[in-house]
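Input: structures, listed below.
In the two complexes that follow, subunit A is the common piece, with subunit B as its partner first and subunit C second.
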Partner chain A sequence: PPPQLEAEMEEYGAGDLLSEAMCAGARVVVVEDCVEAPAAFVLHLLLKRALAAGGGGGGGAALLALAQPFSHYDRVLRKMGCNLSMHRKSERLHFFDLQGFPGGTQGGAIADSLAQLYSAVQRVVETCRAGENAGRFTVMIDDVSLLEVAANGSADDVLDFLHYCVTLTSEMNCSLVVLIHEDIYSSEDGVGLLAHLRYIADLVIKAAPLSTGLATDVHGQLSVVNKGMLIEQRPAKGQKVWSFHFKVKENGADFFYPGSRH
Partner chain B sequence: RGLVVVAFDRSPEVYLDIMLRHGLDSNALSRCVRILDCYSDPLGWKQNIRSEQHQEDSGTPCSTNKDTITIFRSVKDVDKLSCSIIDLGRGFEGEGKTYFSVAVDSISSMLRHASVQSISGLLSNLRSHDQISSIFWLMHSDLHETKFSRAFECLSTMVACVEPEVVDSVYGEERRGDMSFLEHNYSKAKFHVRLKRRNGRVKHLYEELCVEGYDVKFISATSVSIEVNQSLLPKVQFNLELSEKERSDRANVVLPFEHQGKGEPIRIYDGRRSLPEAHQDPNLTTAALLDETEALKSANPKGEIHYLRDSDDERPDSDEDPDDDLDI
Partner chain C sequence: LSPGRVAAPPPMAAAATGTGGQTLGRSSFSRAASSKTASSSSSPTASGVKLGPNGAAFVSSGIPDLDRILDGGFLLGSVVMVMEDSDAPHHLLLLRAFMAQGVVHKQPLLFAAPMKEPRSFLGALPAPVASSKEDARQRAMGGGAAGDGRASDEGLRIAWQYRKYFGDERNSNAEHRDNKQEFSHDFDLRKPLERHLLNAQHIECLSTQDVDTLHDLQNRSSAFLSKHQRKEGGNLSAGRIAIQSLCAPQCGYFGKDWDMVSFLRSLKAMVRSSNAVAIITFPYTVLSDSFCKRWQHLADTLLSIKAIPDEDKDLAKLLTGYQDMVGFLHVHKVAQTNSQVPTQVNMT
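Moving on, here comes the complex of A and B:
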């Protein structure tokens, strides 16, 4: 990989299998998981990397959290060596507590609430870009399935909101990372959010259990599909699909090919 | 001649970039391409934000392409969309009548904002517009119910399907999560085209599609198309095919217009009895018989027909339609 990319990879995570598969340029990342193989750890890892980018300045993140309160993320990331409270104070991290979204007293249509949420996110991204930070900003949603529930099942409204977030990626040097629970949609009649997201994504990271069942050393398998829409996203080797195993640890995660260890 | 791109799924710059990479220079682009930007602000949210913040409308972020890109903010209003497309198309410069084509990326996104009926209405509208020479659109068939995909296929004269080469038949509990079969599908695919002729006949074309970097190559798979043609014959209990002997016999048949006689007198049946029969008729006088024989001998055709067969190998069910070159 070219020297600049290599340097970025070093910053982003010491060149492990996940960062190799992702390449620094991916814009819209969809993380799929299921009950047997939850992938929240991927979000935590990507959040840590988003905030760690660059020395002074460069990099920032907005976390739209429907799944957990701030204290949870703070605790988890602290064990991974990332101080969310500090980042929040210094406005590197913008935390949106959406556990009560949209808020029952509003009475307006869900589309309006989502439009307002988007407006807040756009403002945050613009402010961050206006500052000395010219680095990549990351908008993270944990998670889209809960957002759909909050929208009373209206996938169309959620997709409209997500579309606007996607426009941020092309206009403002921004990445979008969303988590979706794949097993919720598998038995649905009609086409759900999942199919649409797979089309929108530049990169799909899918966590699944091992076919052989539970194991202490291996928690599951991760498939990464890098569609490589733009030239800078193209993986160095030209490979588009990556498949490897993972083990979640307190301070992060290990990624390794089946049969090997580290 | 111009192209109007109705862009829902990707930023307008992406299309311009693709066209530049494929050799179109920027002059040609500004002359022949107009993009209706339904991507940047389809529902007008950003405009609302700006007016709330009392900012001036800055239009599209990229100002260098102001003429080429027109932003559209009300994708739920199909009539307005239709008018905007036609307006953009009318803006192409040219002498006399300028025709333009319309490309929609994608109908699947359009269907999220408006009903199937209104969109098929839009397409029919565009289709009957006298300046629009062709319309093509992209549809993700797995995002819609089959009946809606079929409805749009019925609207079209040509349907091109990109199908995966590798379909993971064991996808399910066994190999759940293993998507490595996708690697092949991201660079190769089956390409199947169904063409509806004006006379109602349907032609099928099969090719293999290969993606390398920014290039897409099509490799025609002739072996596949032959198999398909054979299977297009209806399955009935009698044989519709010709055997080899039958084929060669047919090739040896001399058609009526193709010979000038094999040395025998030409007997063109004109309703009178044939001569051998006349000889055997006891009622016929010798004089009458002589008359008949004379008539036959002098029956040289005054006019001539020269028939030249132009294609010996023409099979009855071949796809060559002699009416094809009629430009009705």
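Moving on, here comes the complex of A and C:
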């Protein structure tokens, strides 16, 4: 396979169902979950892969964290064999602690705070691209539903911010991965944040509980939808929709087809 | 949940234990000595805090059975949310046990409720059942002295209920004679907590009724939590925040959905970096589905309460002790420290 494809395969950790299902070159990845089947583990996995990207150039990542403090991600990823503290020190990981975002001035408009946040992210991406790092950069948001709370419900402002982040993906060889809680929006009328995200996504990964209820060996099912973007180098095995079961462990996750678990 | 006594074992269960080598009654069923996990073997500090793996620290919910189901208790630094049953006040049982447990361990408490005089609720806090436990122990010792423990055979049944197994672990806690040394207590809802304990405490009360913003509650919570910042190797003094019916219609800010969810988000962040636990009950039926989901996602530990109807013949056939039960407690998710593995507890 061509060298670029090799790099991509290495980047995504070839060998498990999730990486097979995820077409290479997806720029906007939307991860959906619900209370019964949380999917933060998918973000952890993608973050580990983003930072582990080989091929000399190395990858980089910016994590916009509203859900958890740094110590949480650090401990979780450490159990998965990825040292976030080290990556943060070497500036391959840029951690934005947004637990208190926007914070400070109560009078300032959320649009301004989001604009400032975007500028900071853009600077980080530009700096990384300017260096010898020709590898893929990943901007990750955990999670968009909390960003909407931070924006006091102004979905328009959040969407503007997300659209700006999407422009980064086309201009800067960068991908955007966002987590959103699907069950918050499924009861709403009208076009909300979720519908917009699904529209702009290249790839949608959705976690759901099993219809049969709880099981000790299976935590839920994952569906991966490749939304028909042109995949330059790697044919996605002709398959648009993948569906399989998962089990989350401290050091990662297992993906398997129903009934094939031993 | 049973009226009258919270998580009280029947006397015969208390007798059928193996504390200090006193095994009463003979039976073909013999329970392997419960293996002590790291958390249960470390004796609780005087402040009622128990350490667990992964740097976790727990305080008791005030209901020993619930602590066991949650694998230790309420995690310090977490937010517990309880979905109320709209027809019944059973969530108050949880709150009373939680607050009483904190008072017994001299842990500072911040209590907010949609009532004119939240401080009056303190009169409803239950007293620990230390005295009745003493009786049970004496009965047990008396039975052992008889040699064959014939009296306790009446307590043995072929179909063991899980509660009787829990009795083993509970009585190992009873080795600590001093009330304060115990991590968790049983509370007798028929007896109020002694007045002098309440007066000696750091208990702050705040009314959320007719208050049209959450700013005050947020500021008070922030001030409270700043006194319980987590320090490396520091003295583990725990704090408790109890908020009753946060989105109740009589709250002045009712209907300001984004303000409420914003408050929850900031409270969660403040609690995370502290040595405190916050428990928040809420009548979820007054929220829209969408916001109810937002609240559920914000919870670290999520419980819900469902009242059991009286005179339900089908349930009576299904459940032993149906007459004593007032409700179901459903555990949806349980707080974890620094882990991505979901809890497979989900039980009712």
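Criterion: the second predicted complex is superposed on the first by the 242 of 262 C-alpha atoms of A that agree within 3 Å, B and C clash if a C-alpha of one lies under 4 Å from a C-alpha of the other, contacts with A are read in each partner's own complex, and residues count from 1 in each chain.
In the analysis below, a contact is a pair of C-beta atoms (placed from the backbone, for glycine too) under 8 Å apart; a residue touches a chain by one contact, two chains touch by 3 or more.
What you see is a predicted model, and the numbers here were worked out from it, not measured in a lab.
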Combined model on subunit A: subunit C and subunit B, fit or clash: fit
Which superposed partner A:122 touches (first subunit B, second subunit C, both, neither): first
First, second, both or neither for A:181, with subunit B first and subunit C second: second
Partner chain(s) touched by A:149 [first = subunit B, second = subunit C, both, neither]: second
Touched partner set for A:71, first subunit B, second subunit C, both or neither: second
Apex subunit A: angle to the C-alpha centres of subunit B and subunit C, given in degrees as a multiple of 10: 120
Touched partner set for A:160, first subunit B, second subunit C, both or neither: first
Touched partner set for A:223, first subunit B, second subunit C, both or neither: first
Contacts of A:41 with subunit B and subunit C, given as first, second, both or neither: second
Which superposed partner A:249 touches (first subunit B, second subunit C, both, neither): second
Subunit B and subunit C, minimum CA distance [Å, superposed model]: 15
Intersection of the subunit A residues that touch subunit B with those that touch subunit C: 37
Footprint of subunit A on subunit B - complex, ascending: 10-11, 13-14, 39-43, 45-46, 48-49, 52, 61, 108, 112, 140, 142-145, 173-180, 182-183, 186-187
Interface residues, subunit A side, partner subunit C - complex: 34-38, 40-41, 44, 69, 71-72, 75-76, 79, 99-100, 145-146, 149-150, 152-153, 181, 183-185, 187-188, 214, 216, 219, 248-250
List of subunit C residues in touch with subunit A within their complex: 54, 257-258, 261-262, 265-266, 269, 272-273, 288-290, 293-294, 296-297, 302, 332-333, 337-342, 344, 346
Residues of subunit A touching subunit B in the complex: 37, 115, 118-119, 122, 156, 159-160, 163-164, 167, 170-171, 190-191, 195-196, 199, 206-209, 211, 220-221, 223, 225, 227, 239-241, 243
